[in-house]
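Shared chain: subunit A. Partners: subunit B in the first complex, subunit C in the second.
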Partner chain A sequence: MRRAKLSHYAFFILPALLLLAAFVVYPSLRTIYLSFVDEEGKFTLAGYKEVFTSRDTFDPEGFKRGFPMGTLIHNLLWIGIHLPLSVFLGLLLAVLLKGLPGVSFIKSVIFLGMVMPMIVGGVMIRFMFDGNVGVVNMFLKFLGLHTQTWTAYPETALLSLIFGSVWLWTGFSMVLYSAGLETIPKEFYEAAAIDGASRFRMFFNITIPLLKPITVVVVTMTLLWELKVFDIVYVATMGGPGGASNVLALQMYSYAFREFNFNKSAVVAVFITVSTLAASIPMMRLSTRE
Partner chain B sequence: MKKRYIQIIRTVIAWLIAVIWLLPFVGILMTSIRPMSEILDGWWNFKEFHLTPDNFMGAWNHPTASLKNGMKNSFIVAIPSTVLPLFIATMAGYGFSRYRFPVKKTTFFIIILTLTLPQQMIAVPIFQIMNSLGLVDKYLGLILVHTAWGIPWITFFMRNFFSTIPSNVEEAARIDGASDFTIFFRIILPLALPGIASAAALQFTWVWSDFFLALILIYSPDKLLATQRVPLMRGVYHVDWGLLAAASVLVMLVPLLVYAVLQKQYVKGMVGWSLK
Partner chain C sequence: MLKKGLMILAIVLMAMVGLAVTLTVIGPWAGPEQEAFMPVLKAFEEETGIEVEYKVYRAEDLANLLPAQFAARRAPGDVIFMWASFIREYGKKGHIMDVSSVIDPDWYLAGALDPVQVGNRLYGAAYTAKVKPGFWYRKSLFKKYGLKPPKTWDEFLALLRTLRAVGFKTPIASGDGVGWPLSDVTEHFLITFGSPGLQKDLIEKKISWQSNTVRYAMEKLVSLLKEGYFSEPTEWTTILQQWWRGDYALYFMGSWITGMVDDPSDLGVFSLPGAKGMVFGADYAFIPKYTKHPEEAKKLLAFLVSEKGQSLQVAQGGHIATNKYVKLSAYPPVDAEVAKLMEGVELLPDLDDSIGGAFQMAFWDQLKLLWVRPERLDTVLKVLDEKLK
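Our next item is the complex of A and B:
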């Protein structure tokens, strides 16, 4: 590795760093600053107190009454349901599809959700759960069950979005796990087969441990996505009805660009950022090792 | 014999899952090409079946949110927002993989940190900066933000790509008297084309698909991007599904085409960027 002369540094590195400093690093620091000051620029913790005691963020009555329970709980629910479902489903599909005929077509179909703009993804979720034209209701009708526009009711709006987003996101973990499966040497399975191991044991004793680095990446990226989710909610429900499907990112947007309360919006932004940083520690450890 | 049965069962299950996964797409497509009266009870009723271009024409020439303009605007934003960061970050990635310089480790750590940032973290200050520069509601402002936002991940991605290219070719060229800049443009850039193609496919798709940054920076009705126009198609009193479906198909068509053409690079980029 060569020592950079000033001209090399100025040419190769500096343009990137300047843009990054001006439009990413400085704004982030300013958001942290904004979260600690009031309108006159005096230090205050009122923003934090207000946001974390607000019913927008956490509504304990929601546990008795039902949704809304506050954005914090809504995002946690998103993680609690969407994370295991999309990760496991992706892994199962990757294993199921390995070496089958027509597999690249099937993979492309499942990956489609990752390719389209999330704003369209939100429309599709709203569409799936629509009372008249939705495909979910087609099945429910077929089974003789109750049908309705599931995104329009507080009890089911958030859950519809969460389950719909499993449909969107499973392609991600499937593609990564598929790539990971390719890297496991066949000999491992052959050796295990000679030792008389069942497929079941091979899966748990060979496949899962060897896929661990991929699992770390898939879980981290999925977590980040769940913490930042915005477009889907904006277009499908706008956080409604009555805040029943509101999420942190949308809460930040409403504080900033509807109420023009930059202090409170900065608090929410800082909170999302701290959560994403915490969530990505394992992956950073993994990629800085070596 | 038993093995073959398992294979057949697996294939059937796999195709069944594919069909279930595809249903919403089929639904949105059916809704977009059929008249509203036929799909009111669900697009899966085929008692009557007529094709109509009305929904697509309606979305394309929408009186307040025409996609004709929206898609044009999206291209105007997405093309420079792909070329600029790709160029700048490819150089930075090369710089990080080949040179030593002061506070390199810290700089790289900051780049990694910014990878995980949510856009909400920069939203308000970006609006204020652009406001003071007179760049709110101007594409230049949005392009600058997209460029800066794309730099960390492309730098990271290209650095990893360059570290797989052995440096002895460069050494040989250097002995022959080539300058570092000549080496970069003549030798490295051509070798890096596959990596650049992967990164370009992803960056273009992401910028095209972006909604949040456009939402906070672009306001004039005639300047709105394609993704911003989709929510406007909903209608006030009832959801006009035909129009909304056609708009969705049009807006997702562009990234789908990128994916179809550059499928290998796309998936490689996705996997490579998440698995370093």
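Our next item is the complex of A and C:
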């Protein structure tokens, strides 16, 4: 009976397992293998050495001179700026918009950035920051401030992409936080109000702690996206000027499809994978513990 | 009896349909450029009875697609237009057919086949080309301000100063995209203030980017960038419109510009004074080793690059023939003018297209940096040397 049940399960699981093996497991293992061999298939760590000592990955001169600083630092900057901004703005919007009339429409508009393919988002960022037709410059001009094509300058290219992507990504955290806010029982706030708690205190002592599981999801998903960000950079700046907005995923692409060096590309791919695992496993554990 | 006859006829027709060869040509031209290419393919179909299907793929996309296809011993097309550097690279790896038996080098302008030739093997053929003659201007604008194309470097500087004085804060439009329009301007400076030989030496990696010769030519360009004569890099088709409507006075672009403006008869062009060479960028096509119809594909390639094929293409405008037997009368008037500009100067391959790979991407990207931060010339040259290795 039990064997029959098992074969039943296997019948349904096997197709999915086969697909996973063919399209996820095998390519992943093959990528790891490629990262440890040279073009002739001999074992070597030269690829790792070359990638991690390359100016493309880490350029210490950038700290004195300014951008580029290397893809590793650029991705870290992406995390350092984009993550807190998009999480905080999402939470703020979710709280501010809660219970307002016509809120679904406003939320839909904010969420549009997330619905849009990131490639389109990248094109829009490029035009948003353009010196002639960009909405950012129109606003700056209105305020009497300096205007330029912000994505064309090494000092501002990466920051333009990061701020542009905050606009695209905030809808995601806002929607999750909005859903999370709906799950918090009203009684908690009523009881706190009877006890004389201020709105500020209620926010920090009730809302924030009860939204912790949502925060874990938002932070994990955002972090993973930031580590593998590619599309926006590819279409908006192609990593330029002079590598000033280059990121790990684009570096991987360039090694593979410009240099045709699949071994070096595999090194970057393995590094991105390990980084995403290192970031997501503790977050997942945290969420399970909750 | 009638039934039997009809059945046999149906079988014969089906067999004919099954046996009919349809070749797939992959090229980068879409929209009006595709429309201009289709008459050439149609002429081939009429001449040979072989059907041809055309698919559009940008070279950048083919660079992603073809390595994986070749590894699987497949090809998405029978005749494919692609970068010369890619054709050479994958020809050497054995994925591309040697076409020296069907292409006669004598048909071509000198040096046109060099980028796809490896020893005695010819891995591709040159179709039509575009030249990058220099700075384009509107004749009506020059007439309005009483300006003339410069004959010396000093006159060129004087022209820029005059243009600024009459209201063009940044007289020269800088086209951008992935970066190639900037590389075209840079190559023109290298050829003018270095020499045509410098361009060839850089392609063959015989000279360092940090050498005095390169630095001298680049400093001429940098001097103009520092003076703010060039605009910020802006998407090249957008800035083309801005230049045409009068926001800028000069625009460095290839000869295809003649097909992109409302009134080509208002176009004028001049090279930097003293330029003894001109970049001549041919479109190269190859036959992948994995084509199912090698003989038919060879026929098509030979037709495309023949005098007849190229004459049909240049007649559509915006193209210059690489086949030396194409007559000047085959061109529309404005292109004939461009073709005349080529007389007396050395025709040179495009630098970054010839080198390709990581260098090409770095070249484009570093020039974007140089355009906005000309004081970083040293770093730019250093990076270019590193990427060339």
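Here, the second predicted complex is superposed on the first by the 274 of 290 C-alpha atoms of A that agree within 3 Å, B and C clash if a C-alpha of one lies under 4 Å from a C-alpha of the other, contacts with A are read in each partner's own complex, and residues count from 1 in each chain.
In the analysis below, a residue touches a chain if its C-beta (ideal position, glycine included) is under 8 Å from a C-beta of that chain, and two chains touch if they have at least 3 such contacts.
All of these numbers come straight from a predicted model, not from anything done at the bench.
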Combined model on subunit A where subunit B meets subunit C, clash or fit: clash
Touched partner set for A:Val51, first subunit B, second subunit C, both or neither: neither
Subunit B versus subunit C as contact partner of A:Met128, first or second or both or neither: first
First, second, both or neither for A:Gly243, with subunit B first and subunit C second: second
First (subunit B), second (subunit C), both or neither touched by A:Arg2: first
Broader residue contact with subunit A after superposition on the shared chain, subunit B or subunit C: B
Partner chain in contact with A:Phe257 - subunit B first, subunit C second, else both or neither: both
First, second, both or neither for A:Thr276, with subunit B first and subunit C second: first
Touched partner set for A:Met69, first subunit B, second subunit C, both or neither: neither
First, second, both or neither for A:Leu158, with subunit B first and subunit C second: neither
Touched partner set for A:Gln148, first subunit B, second subunit C, both or neither: second
Residues of subunit A contacting subunit B in one complex and subunit C in the other: 130, 132-133, 257
Residues of subunit A touching subunit B in the complex: 1-4, 8-9, 11-13, 15-17, 19-20, 22-28, 30-31, 34, 93, 96-97, 100-103, 105-106, 108-112, 114-120, 123-124, 126-128, 130, 132-135, 137-138, 167, 172, 175-176, 179-180, 213-214, 217-218, 221, 224, 227-228, 230-231, 234-235, 249, 252-253, 256-257, 262, 265-266, 268-270, 272-273, 276-277, 279-280, 284, 287-288
Subunit C contact footprint on subunit A (complex, rising order): 55, 65, 130-133, 148-149, 152-154, 238-244, 254-255, 257-260
Subunit B - residues contacting subunit A, complex: 7, 10-11, 13-15, 17-18, 21-25, 27-28, 31, 39-44, 88-89, 91-92, 94-96, 98-101, 107, 110-126, 128-129, 144-145, 147-149, 151-152, 155, 180-181, 184, 205, 208-212, 215-216, 227, 230-231, 239, 241, 244-245, 248, 251-252, 255-256, 259, 263, 266-267, 270-271, 274-276
Residue ranges of subunit C in contact with subunit A within the complex: 63-64, 67, 89, 176, 178-179, 232-234, 238, 242, 357-358, 360-361, 364-366, 368-373, 376, 379-380, 383, 386
